Every structure is written in structure tokens, then in C-alpha cells.
Amino acid sequence: MINGIITPMVTPLLSDNLSLDLIGTKKLIEHIISGGVHGLFILGTTGEATNLSYKTRIELIIESCKIVNNRIPVFVGITDTSIEESIKLASISKEAGATAVVAAPPYYYRLGQIELYKYYWNLADQVSLPLYLYNMPSHTKTNIDIDTTLKLSEHPNIIGLKDSSANTVYFQKLCHLFKNKDFCLLVGPEEVTSETVLMGGNGGVNGGSNMFPKLYVELYKATNAKDFKRIDELQHLVMEISTKIYSLGSFGSSYLKGMKGGLAALGIIETNIAPPFHSFEEKEMKLVRENIEKIKVELDKILK
Amino acid sequence: MINGIITPMVTPLLSDNLSLDLIGTKKLIEHIISGGVHGLFILGTTGEATNLSYKTRIELIIESCKIVNNRIPVFVGITDTSIEESIKLASISKEAGATAVVAAPPYYYRLGQIELYKYYWNLADQVSLPLYLYNMPSHTKTNIDIDTTLKLSEHPNIIGLKDSSANTVYFQKLCHLFKNKDFCLLVGPEEVTSETVLMGGNGGVNGGSNMFPKLYVELYKATNAKDFKRIDELQHLVMEISTKIYSLGSFGSSYLKGMKGGLAALGIIETNIAPPFHSFEEKEMKLVRENIEKIKVELDKILK
Amino acid sequence: MINGIITPMVTPLLSDNLSLDLIGTKKLIEHIISGGVHGLFILGTTGEATNLSYKTRIELIIESCKIVNNRIPVFVGITDTSIEESIKLASISKEAGATAVVAAPPYYYRLGQIELYKYYWNLADQVSLPLYLYNMPSHTKTNIDIDTTLKLSEHPNIIGLKDSSANTVYFQKLCHLFKNKDFCLLVGPEEVTSETVLMGGNGGVNGGSNMFPKLYVELYKATNAKDFKRIDELQHLVMEISTKIYSLGSFGSSYLKGMKGGLAALGIIETNIAPPFHSFEEKEMKLVRENIEKIKVELDKILK
Amino acid sequence: MINGIITPMVTPLLSDNLSLDLIGTKKLIEHIISGGVHGLFILGTTGEATNLSYKTRIELIIESCKIVNNRIPVFVGITDTSIEESIKLASISKEAGATAVVAAPPYYYRLGQIELYKYYWNLADQVSLPLYLYNMPSHTKTNIDIDTTLKLSEHPNIIGLKDSSANTVYFQKLCHLFKNKDFCLLVGPEEVTSETVLMGGNGGVNGGSNMFPKLYVELYKATNAKDFKRIDELQHLVMEISTKIYSLGSFGSSYLKGMKGGLAALGIIETNIAPPFHSFEEKEMKLVRENIEKIKVELDKILK
């Protein structure tokens, strides 16, 4: 069972906004690993998985596993509307040396809970890597209900759930029902990782750790140590990132654009982003650079 | 510009629920064409497109175009979350001899209208077949707003819109704003095809015409002829299908399961359906067979 | 059973935006009746019912019935979250001489269909005027499902349903299931009144008939006469009102603000509107006046 | 500024399911106060406020203030769709000796944020007691966005916000932006009170404290003391209540029915509940009684 901070890696792209930027990928992975995170998650929502071609997705799986080279666990998103494509991605992941796969519900048709249950059981039967459920109702329309999760946890190959619903009542219920059981519960939004770990969660899949991996790792450690003075100063920066980098502009895509903008401001990758999204214009990028600089200065002070 | 009834073809599958049933496909296409429909639309929502592997989708495109052999126009759904995959499907469609392509908005992330506009414009630039917009907000989460449609209609390659929102206020507004303009407006739900054609729509993409193509074609003709006695008796059967075949069971998938169940009852294809869905159990199939039989008898009486 | 056009009357308010404008109410009712509508519906969504104090609601019931003086049927909205308050309003309506009452589902908590069924049955038992169901899921969150409507129609006191869902597939199903039964089916949005009446609906509750009652009455007559040349020119104006008066500004309230703005432009009432809404600013009012003037000129041409 | 546990009191009703049970109210208030809670909130969502007649609401305000007799602060829900009725309830609350009033957005029409802002500012101008905002988007459809809250906090009469969205990312953002400012942030769902207080929240408005006030007060104290062993055993019982009392049956109303069922099992009030809801049947009540008994035994062990 994994505990700690897992980075849902953004996918570095070349200026055609479609092809994998291999140099950027190497740079980014080294940056992330150097921050001490406990795992890498590629092809998630932050990784723009569904917006990439299969060619690019497969390339990313193979190259990432090669670069990581077993230094930390690698989780691969295989979320798809076609179960065959998911199984294919899982098989490629296994061959490439990945640790586990992660799947959100199929996201075109709205599913009933029984349909969802049968789907996941079927999928778990057909992938040979361990499988994490991924709850993301704002994007998939279908929530993985508590009862469904309980029943699915009985499959030997289903070993945990990542919840990105932002609804911590739901997450608390899962923590309660899986107490002392061998089922990994990770939370998506970085804003609530500390509070959910305090109450029994296993860790967070935190987008911000693409930019500042140490910040999230230190916050996780402080949380485990119940060092509230430290939690307070680190959580402050997590919230600065949340409110000053992810919320520029008026679309839901501002999170992704802010993240890639922030990484560009840090000189790690370019801002290129796959359709249907577009990079921030210079107006927003100016703000991103200013805010990233301030956050970096504050973080350096805290971490030294 | 196309006018009339287009069949959003179901995809006949073998008993693995994954592979194309080529014999069934031939049988189904001949059945549909013999009913006099004005076009065939493959790989739409009724065609379970997103649930099929790319291999199966490509096979279906090539085989369908071959079978149809230019007897009627063929429209191909290229809806995808990855623009590269959509473009690839469009290019295969062109080579196979299809007439036009149809794309719903990318359906994982929720898009702003400006993002949607840029996405479609970009897509239309890159496909060489004419493109129809496909409004399906219940599945894609993003509505193609009226203003966005107006702006997109200025692209020379965007020639129409299929609306499956079931919101005929929206459709009436489109009919009003595109009056006397060369932009094709088709409606999805068969229950409202007659009424929207009466008010200026160009036709319907009607799932039920997989089973009973003549019924929908005759209703379309009666509607154009303003023959309300005829409209009344034909619409009655359309509504019998809607309420007695598509609404069994308690999930949204009952429409698809009912359709494939109905086609099996008619002896045209098997009930096999791709994950995450499952065919009706015998309990529901018994009802489907009984209701299909009654509808068939009534229809034969009317059509003779 | 009522057939035809019913005006969901706006509530004329004094400049405190709270108190009933009695002079405006008289003027408006005479204007509406002179247009030949088949019924008046006060305290609906267009009437801002829920935003008015009970004192104002009660005053409006009593005064409207007095002014109408049995010249046309009066329907009173008794929608409330408290069943006691609904019953009280129904009893006042009866005493005032109203014809029937209309109730949407209670709209704070989201209800299950069984809860909804029991609620309406209970309400129908306790009001002595005939009761119309009012489906308005965008506002109440709870849809009155087809099966629930079927079961409720068995109550002797429940005599019809007004559907404002804009989903005409739902409405077509109701028309089909209630064919040849004594249950009145009215549609809300004026954009689809003609098409639903063509397919078997009983009429429309059309907001625009506050401004131009004759337009909607004539369209209803043309629809019954299947005079499609006439339908076409009248529907054109209905759509001009829909797209040029109701859609200014960016909030859902633009419908209400446009309606009151239009009535002010016609010199019938003031634009005053109850909190939480605010009248259009001069910028929008300029557009409203210009558009109303053009529509009026066109309508006069058609009607003379 | 209030810190701690506030009880959103259920409204004890007589067997007509409409009238205030005055004896039950006294018993319940004494039970709650004896548990040491820091405030009482009447006429909230748990109090079925919108389902009660104004007569009953007013009686409850006056009687509750009298019974409490200044021993703890009393907050009164004045949420309404009519601003006049809200102001009236606020004025009665002031006269009765209440401490503050609480208002969720008007909940029939969906509001834009500017409309919401103006509405609250207007309301705050017209009530003489301090006003708490109440975010409850699942019921009101309108979220009180972060920016709107920031602007509203500048009104001298708006002193805090209760968030019942269950979205603790939203709540964390508020905590971050209001850090070191005199603005009270309370959370609704009891499942997340401990975790949000750990991160800077001021307390919780916890329905379960109707039944077991000491449990929530002790959890709040343990949370402030950072006593995680104690937090763990108390939170366990909070989650037992959440999963075994509030989740029986299949409707959203199971929370309310479970709460009143639990209080009946404890012998404090009857299960009577206002329309459109109905008390649990004996089948569910048996489970409620069994579960309440087990929870009570465990709680007594912990608290002694």
C-alpha cells in the first residue's frame, strides 16, 4: 500500500501541442523525483490523458518508466470509454514496468451503479497490474458510490481509490468503512490532503507537486508528525498556489493552464497544451510569473 | 443539404461483445436501405462509438461504406476527446468514401464556449469532409450555445448541426436564426422529429429506423405533406416504440438495450452490446419480443 | 378542460419593488383580455410568485379575480415549500372566485418520486379547486416523472399538467399516454406551443401574451386550422420576441427583465421587479424599446 | 465571533405533522444545552424551516428564545424566497432576543453572482441582527462564490458564513483568504468538522448534536487540544451515526428521518415530520433503535 504524495504529472508537449516533449519529460521527472515524492502518476486528468492521441500516451508510458527506472512507483491512467483500449494501455504499462494502473469510470454514457460495478470487476479481471479506482464525478458524471466501492474492494486486484470529488464527507465515510483494512485511500485536491491525512487518509495525488514537489512532501511529513506550526506555514503556500495560480481566467481549464504556466515560469517545461485547451496569454502569464516568484521565495525561506 | 430521415446505426457485435459482426452489419444495412431512409450515420451515440476500440471503429467505417456503395449518403461520427484521433477517423472516412463527418464536443473536461468555438474551427480546418456539429449536452456536459453555432456556421466546412438535447426551444431558436440559410438542422429524438420538421427542421436522426425504417420515412413524408391523419397514426407507433421498447429497466442504457433487443426480436442482429453495458435479461427480452410483435402487426396494417 | 392560450401574468409592482401596483394590474389585465386569451394564470414563475410577500400574493389573487370578473378562467399559482401555505392560498383563491390552482413541487429539498406522489395526492385532497401539476425541473430540481403523472391523474381533483421543462420528448410521451383521456396538457415555453399543439397538446401558457396577447391567440388559431403560411409568419414574431427581448444580458433573469421591460416600452406597466432581481439598465432598455417597436410594427401589419 | 459546536435544531412537531410540539421543544433544548454546545440554530435545513408555516416558524422563534433564556446564543434561519418575509422573520427574531440570523440564497430562481451579492447586501442593510451567509448549493442551486463572499464580508452586518456544500476545497480557500480576519467560518457536515477545525475553521453546525450534544462538543475540544487518540475514538462514533442512522432508505430525506427517528429512539421527541416528508416505517425504525442503542453504549463508555 502506498502512503504519501504522488505527483499527477502534466504531459510536456512540443509546440505542435500534440507530440511528447521528451526532453521536457526527462527534466520534469528528475525535478519531481528530486523533491522526494512517493510516486508518479502519469496520464491522469492533470496529464491531459484523454486529450492525447494513443501514440502519445503509449510513448509517455514507455519513456516515463524508462526515465524513472524503478526509483519510485509509477501509476498509469488507463481511463477510457472503450474497455479494450484500457486493457491495451494496462498491458503496455505492465510491459514498461509500471507499478499499478488507475481508471476512472467510462465517461460518455452515464452509468448505473450496477453497470459501474460490473464494468470495474470485468476490467480488474483483465488487467494484470493492481488497479486503483478513480472517483471524478465532475468529469465522468458517474460517482463511484460508497457501496459500490465496498463491493469492488473484494476483488483481489482492486487495491485502492483516488477521490477527486472534493467532497470530504464522502472521503471520511470511505476512511471509516475501510479502517484497518488493506485498501488505499488517496485524495485528489491538494488543498485537502493535509486534513484528510490527519483523519486517516493514505496521502494525496497533488498536482502542485509538479512545480514544488518538496512543498507537498514536507507538508505530508509535518502532517504525519502532527507538527501544526509547520503544517500551517506549508498549507499557507499550498493555498497561495491554489488561489493565485489555478484560478486565473474564467474557465475550468485555468487549473491546467496555471500548472503548465507555472512550470514554464520555473523554466522546467513549455506551456504547450493539447486541444481543446490553449495556453495562457501573456496577460495571465505575467501574473503567473509574478506569483510563482513570490511563492518560490517564501518556500525557499521555509525549506532552508 | 440533406433532408429526411437518417439512421444512426447500432453497431452489430459478435458474442465477445467487442468485435464487429460483419454478417449482421450487412443484413442491418440492407434492411435500413430497403426502408428508404435518406442517410446512414455510423458511430454515433446509438452506435456505441465511444465504447468500441479504434480497430472496430475503423473496420465499421470501411465495411459500411463498402456495403452502402454510394446508394445513400454515409455520415461518420468522429467524436473523440483527442483531436488527433478525430482527424484520423475523418481521414479514414474520406478514403472509405463517406459523405460527411459528425462530431460532438470533447466530453471529458467541461469546456467554455470560446474553447468550444476554437476547437470546432480548428477541427473543421483539418478534416476534408464536411462537418456536422452534434449537440449532446447530457453526455458531453458542454452545450453548443446558439451564439457559438452562429459563429461556427461561418466556417465553409461546417454545414449543419444535429441536436440531441431534446430541448426544442433551443432547436426552434436555431431554426429561426438559420431561416433561409444553407445550414442543415437535424433533430435527434425521434419523438419530436415530426413536430420540428413541421416548424422548419430538415429532418431527424432517428434510432428507431434501425428497426422500422419505413415507419420513420413514411412519417417524414406525411409531415412534409401536412397529412395529419397519417401523421397521427404513424406518430402513435413511434411513441409506442418510445414508451414500450426504450424504457424497460431503470438505467439510461435501456434505450440502447431496447434497440438491440428489438433488432434481435426482428431477427436482424444479435443483442450483443459493448461494455460497460449488458444485454437485457430474458425477463425484459420477453417484453421486448411481445411489444415488437404488436408494433410490427400494427405497422404492417398501416403501411399496406 | 381548457384549450388555448393562457397568460402567465407578470406582477405589476410599485417603485418599492414590493407592493402591488393596482392601477398597473387593471391596465394589464384589460390589455390581456382584450387580446382574446383563454385564461389568466397569476402567481406563476413569470409572476415572480415566490419573490413576493404573502400579503402581496393574497392582494393579487383577490384583486385579479375582481378585475377579471369571470370573463375568463383564472388560475392561481399556489406553489410553496410549506403545504399549509399552499392550502391557505388555495382557499383564498376559491373564495376570490378563481377557477383552478396550479402547484409546482416543493422546491427546497430534492424529492424522491414516491415522496412527490404522496405530496401531490395529499395536496389535492385538501384543496377544493381543481389542481394542475406544474413541471418546472430547472427551478424545483424535482421532475414530475411520467409514471408519477399517470398515477396522480387518477385523483379526481388533479385535472392537468403544465410542462415548462422545454423537453418536448417528455411532453410527447405525456400526449401519447393521455390520448383520449380527460387530462389537460399545457406547455410552458411559447417557442414550442405551436408544434406541441400540432401533435396533440391542449395549449400554451405563454409569457409573451402579456405583451402581445393577440399574437399568441392568432398563432393558436392558425395552428388549429393547420394554416402553415399563417403559422410561419406568426411564429416568426414569437421567435423574434424570444431572441431579441428575453435574451439580453447574461443572467437567467433576462426573461423576466425583458418581459417587464417590454411591457414598459408598450406603456402598460413599470419595469419594477422584486428582489433578488433588478430592472434592466438604460443600455438594455434602449434595445428593448427598439426591438419592441419593430415587433409591434410587424405584428400590426400581420394582424390587420 | 462564535467558536465551537452549534446545534441546528430539528423542529419537534405534533402528530398532525404541522404544529409545534412545545413540550418536545423544551425537552430537546434542555437536552442540547445540557450537552454543552456553544450555540443553537433554529429554522435551518435540519429544522425543516421551509416546510413549516410562518405561524409555526414564528412560534418556534419566540418559544425557543424564551426557553434558552440567554444561556447560549440563538441563531435563526430567515432563508426565504421573498426578502420581505426574511426581514419580517429577522425582526421577530430580534424582538424575541435572538443573537444573529442566518440566510441561504433565495432558492427558486437560479441567481447570477452579482444578483446574489446585491441581494445579500440589501438584506444585511435591512436586518438589525448580525447576518451569517449560508452556502447550501445542493438545495439553493446558487453557490456563494469565493469572490462574492469576500465582497460581502465588507458589510459591517455580515459576520460569517456557514458552508454546507461538503466541498472542503471551497472551505479551505475561505479559511485561507479570511485568515486573521474577523469573519466566522463554520462548516455544516459533522463528518468534516474536526478536520476543518484542525485547518483553521471556527466550528461546526452539526445535526447529530441534537441527539448526542456531548459527543460533538468533546470532539471539538479534543480537536482544539490536538488530542488525536481522543479525536479518533470520537470521530469513529460520528461516522457510525453518519453511516448507520442517516443513510437508511433511498431518499435524500433519510438524513432528516434518521435524525428524528434517533431522537425518538432516545425518548426525546416524536418522529413526526412535515410534508413533503414522512417518518420512517417500523422496518427502518427497528434499525434506528438498534443502532442508536449501540452508539449510546459506546459513547457512554468513552465519555465516562
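Order of writing sets the chain letters: A, B, C and D. Residues in each chain are counted from 1.
Keep this in mind: a residue touches a chain if its C-beta (ideal position, glycine included) is under 8 Å from a C-beta of that chain, and two chains touch if they have at least 3 such contacts.
Since this is a predicted model, take the numbers as computed values, not measurements.
**Student:** Which option, A-D, A-B or C-D, should count as the same interface as B-C once over half of the contact pairs match?
**Tutor:** A-D
**Student:** Looking at where chain C touches chain D, is over half of the residue numbers used by both copies, so same, or under half, so different?
**Tutor:** Result for this pair: same.
**Student:** From the mean C-alpha coordinate of chain A to that of chain C, what's the distance rounded to whole Å?
**Tutor:** Chain centres of chain A and chain C, defined by C-alpha means, are spaced 49 Å apart.
**Student:** With chain centres taken as the means of their Cα atoms, state the distance from chain A to chain D in Å.
**Tutor:** That gives a centre separation of 35 Å.
**Student:** If you look at chain A, which of its residues touch at least two other chains?
**Tutor:** Within chain A, no residue touches at least two other chains.
**Student:** Every pair of chains that touch: which are they?
**Tutor:** A-B, A-D, B-C, C-D
**Student:** Hey, which residues of chain D end up touching chain C in the complex?
**Tutor:** Counting only chain D, the residues touching chain C are 18, 45, 50-56, 81-85, 88, 105-112, 114-116, 118-119, 122, 138-141, 250-253, 274-278.
**Student:** Which stretch or stretches of chain D touch chain A in the complex?
**Tutor:** 166-170, 172-173, 175-177, 179, 189, 191-192, 194-196, 198-199, 226, 228, 235-236, 239-240, 242-243
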